[in-house]
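The two complexes that follow have chain A in common; it is paired with chain B in the first and with chain C in the second.
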Partner chain A sequence: MKTDLLIIGAGPAGINAALTADAAGAEVILVDESLQPGGQLRQQTQLFSNLPKNKKKTRGTSLNNHLVESLNASNVKVLSNHAMVGSYLNGNIGVTDGFKTFEIHAKKYILATGAQEEGKIFPGWTLPGVMTAGAAQILINRELVLPGKNAVIVGSNDFAFEVIKQLRICGVSIKAVVEDKDQLQSEKQDLLSDLGNITFLTNSTIELASGSGEVEHVSIRTPSGIKELEADFICISNGFTPILEPFEVMNCKFTYKEILGGWLPAYNMNFQTTNSNCYLAGSAAGITTLGPILLTGEIAAWSVLEELEFISPREAHNQKKECWEELMTLENNNVFQKRTEIIADSLLQDNWNPKSYFTELQGGQIHG
Partner chain B sequence: MDKSTIVCRCEEINIDEIENALKNGAQTFDDIKRLTRTGMGSCQSKVCLHPVREIIADYHNKDLQDVGISRMRIPLKPIRMGTLATESKDSNVASVFGESVEEGDENR
Partner chain C sequence: MQIKKHPILGEKFTEEITFYFNEKPLKAMKGQTVAAALMRNGIRKFGVSRKLFKARGLYCANGRCTSCYVTINGLDHVLSCSTLVEDGMNVHSNESDPDVGGIYN
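Let's look at the complex of A and B:
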């Protein structure tokens, strides 16, 4: 199978990249391992603001419906229920539908394979009833299954609070929120105030989860001693980290930025990895929020379109400039700063000249 | 934490076994993998990679950013050998396996 552009991962970044490339006339194949496109957006019922200017504040699921509708109306060839299994020595990507494995040769690749949740280990974490916040969200919003009646939440980041809100609406009782740091991690006060009276245990960790064949009992080590709770469900929200395997088999180099999720592929301002045929987009390029995820998909697509000469360098320049400016406005400052550090490193290595708009964004200089 | 706590659930490896590997000279995730089978189960270290990195960082008194990741290999998903071998008319499956043979192994 041959195409101009092969995109792995049909989440918001992959779909947005596909739509951008398709609209400019490129032939696009979009591969996703799930039965339906949308990625993690499929169960994100929470409201998202801070979206690019052509999109209003909306629920993740509504935005997903909109993206999938656009995808269906486009010429993008979507291969759902197909997984990337590896790369061939000739650089092509191997894809399987579970019955056969075949090779796709594309002129360029965009890997938009997203992030995975970080687990947390404690005695008893392997018991049924322990799961990540993302898994709990899939159960309630997609599978319509209640993960438990009485929950202990581990972690207090934004995502934990969004999921707590949704669990409560489903009738789950929140017995405690356990945070090992000395203060709650979410900085969003509106999320906190929505939660009402919940027991927050800071400087605390789970000492033991126990039960016969499933979680029944949770012991929590707090500064004031051990607290015992009856709970059948432990929900871990310990942040996200970029998925690296597809990049390793495509021979991309990695770098480390804690705030972007730890190890992640190195890339330049075109979202091009150290494998020049291979671009990236979305959470794979660093953990961020939905608006920036959509924009990174767009920048990667414009870069590919420029490289394949579907658009002029001038148009590519203007489109990417617009995206980067919007990205800087929408993205958390610390996250954006670390992103530019990665790009600054790529400039040092490639002797690249940064585009003028990029140095303007950085106040006239680009520094790691 | 209790040393009997499982870290790699696929292969049922606990903290004690990982620390033993470290005492025997293991420096990297891949060292621990070879000595204990940590990360060699069905999830291929998707769950235990970072908890193990934390244990390595603690043991060797390193920053987490100085502890590398595991070598990740084809196939990226569990797949039947038969599926890997079918319908590969425009290339050959040997090239899929060629990766691990030709590039060898690098310790990070």
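Let's look at the complex of A and C:
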């Protein structure tokens, strides 16, 4: 299979990149391992503000429907239920549907692999009934199935609070929110006030989750002693980290920024990785919010379009500039700051010629 | 524990189907994954771990953690969170490693 642009990951970043490239006339294949496109947006029933192009506040699920409809109306070739499994020596990407594996030759690639949830380890964490906040959200909003009746939530970030709200309206009772730090992590006061009456246990950890074959009982170590709860469901919300395997396969270099989720691929102003054929977008380029996720997809697509000469350098410059300006206003300042640090590093790398550097260092000779 | 009418999304599934878990017939909605189909019937233990035989079930629901393995229509180690349930499907709990010298080799 041959194409101009191959995008891995059909979440909001991948879809937005695909739509941008398709509208400019590029041939696009969009691969995703899930059964349907949309990524994690498929089950986000919460309202999102801070969206690009003055889009008004909307539910994640509605925005997802809109993106998927646009995708279906476009010329983008969508391969759902297909996973990227490796790359060939010639640089092509290997894709499988679980039965057949084949290679796709693309002029450029955008990897929009998204993020994975961080676990939290405590005795009994492997028991059925312990799951990530994302898993609980998939169950209630995608599958319409309750994960349990009485929940203990581990973690108190924004996402935890959104999921608590969604669990509650479906009828799940929240027994306690356990946070190991000395204060709640979400800074959104409106989210917190929406929650109303709820037991918050700060400076606390789960001592043990127990039960016969599934969670039935939870012991929590609090500063005032052990608290015993009858709960059948533990929901872990411990943040996200970028998904990196496809970048390893494509020989991209990595950098570390704690605020962006830890290790992530290094990239430049064009969202181009150190492998010049590989671009990236979305949470893989640093954990952020929905507005910036959509914008990074668009910037990556404009960069590819410029490189493949579908648009003039002048138009590319204007489009990217517009996106970057919006990104700067929509994104959390600390996150944006770290993003610019990665880009500043990439500029240094471009000017850094290892050969002459070592030649100078070793007095004209390269050893080893 | 099926949510009949979701407070935000309303009704989503219409067609009820029958599948089998360890030979026992169970009802599910067409469009649900095998993992959700089991959990709506109150089944949360999908199998055991390979070495210490500890209970395992749905953990990430995204096809990454491999905690939700089951055997589907004779094929071992299938991700129940990423496979849609079908009418008449035979699902068995994952009790050990697959037989690598078995029929699929």
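By our rule, the second predicted complex is superposed on the first by the 350 of 368 C-alpha atoms of A that agree within 3 Å, B and C clash if a C-alpha of one lies under 4 Å from a C-alpha of the other, contacts with A are read in each partner's own complex, and residues count from 1 in each chain.
Following the convention adopted for this analysis, a residue touches a chain if its C-beta (ideal position, glycine included) is under 8 Å from a C-beta of that chain, and two chains touch if they have at least 3 such contacts.
Since we're looking at a predicted model, the values are computed, not measured.
Trainee: Go through the superposed model and pick first if A:N90 touches only chain B, second if only chain C, both, or neither.
Mentor: First partner only.
Trainee: Looking at the overlay, does A:F254 come into contact with chain B only (first), chain C only (second), both, or neither?
Mentor: A:F254 sits against chain B, while chain C stays out of touch.
Trainee: Figure out whether A:Q116 sits in contact with chain B (first) or chain C (second), or with both, or with neither.
Mentor: both
Trainee: Regarding the shared-chain residue A:T101, is it in contact with chain B (first), chain C (second), both, or neither?
Mentor: In the superposed model, A:T101 contacts chain B only, not chain C.
Trainee: Just chain B (first), just chain C (second), both, or neither: which does A:T126 touch?
Mentor: So A:T126 meets both chain B and chain C here.
Trainee: Pick one for A:R59: touches chain B only (first), chain C only (second), both, or neither.
Mentor: The second partner, chain C, only.
Trainee: With the two structures laid over each other on chain A, which partner does A:L139 touch: chain B (first), chain C (second), both, or neither?
Mentor: Second partner only, chain C.
Trainee: With the two structures laid over each other on chain A, which partner does A:T45 touch: chain B (first), chain C (second), both, or neither?
Mentor: Touch partner of A:T45: chain C, not chain B.
Trainee: Could you say whether A:E33 touches chain B, chain C, both of them, or neither, answering first, second, both or neither?
Mentor: Both partners, chain B and chain C.
Trainee: Intersection of chain A residues contacting chain B with those contacting chain C?
Mentor: The overlap between the chain B and chain C interfaces on chain A comprises residues 33, 116, 126.
Trainee: Mind listing the chain A positions that touch chain B in their complex?
Mentor: 33, 83-90, 92, 94, 96, 98-103, 116, 118-123, 125-126, 208, 241, 244-246, 248-249, 254, 256, 258, 262-263
Trainee: Which stretch or stretches of chain B touch chain A in the complex?
Mentor: Touch residues, chain B against chain A: 1-2, 4-7, 9, 44, 46-47, 50-51, 64-65, 68-69, 71-77, 79, 83-88, 90-91, 93, 95-96, 98-99, 102.
Trainee: Within the complex, which stretch of chain C touches chain A?
Mentor: Where chain C meets chain A, its residues are 1-3, 6-9, 12-13, 29, 32-33, 35-36, 39-40, 44-46, 49, 54-64, 67, 81-82, 84.
Trainee: Where on chain A does chain C make contact in their complex?
Mentor: It comes out as residues 33-35, 45, 59, 61, 116-117, 126-132, 134-135, 138-149, 169-171, 213-214.
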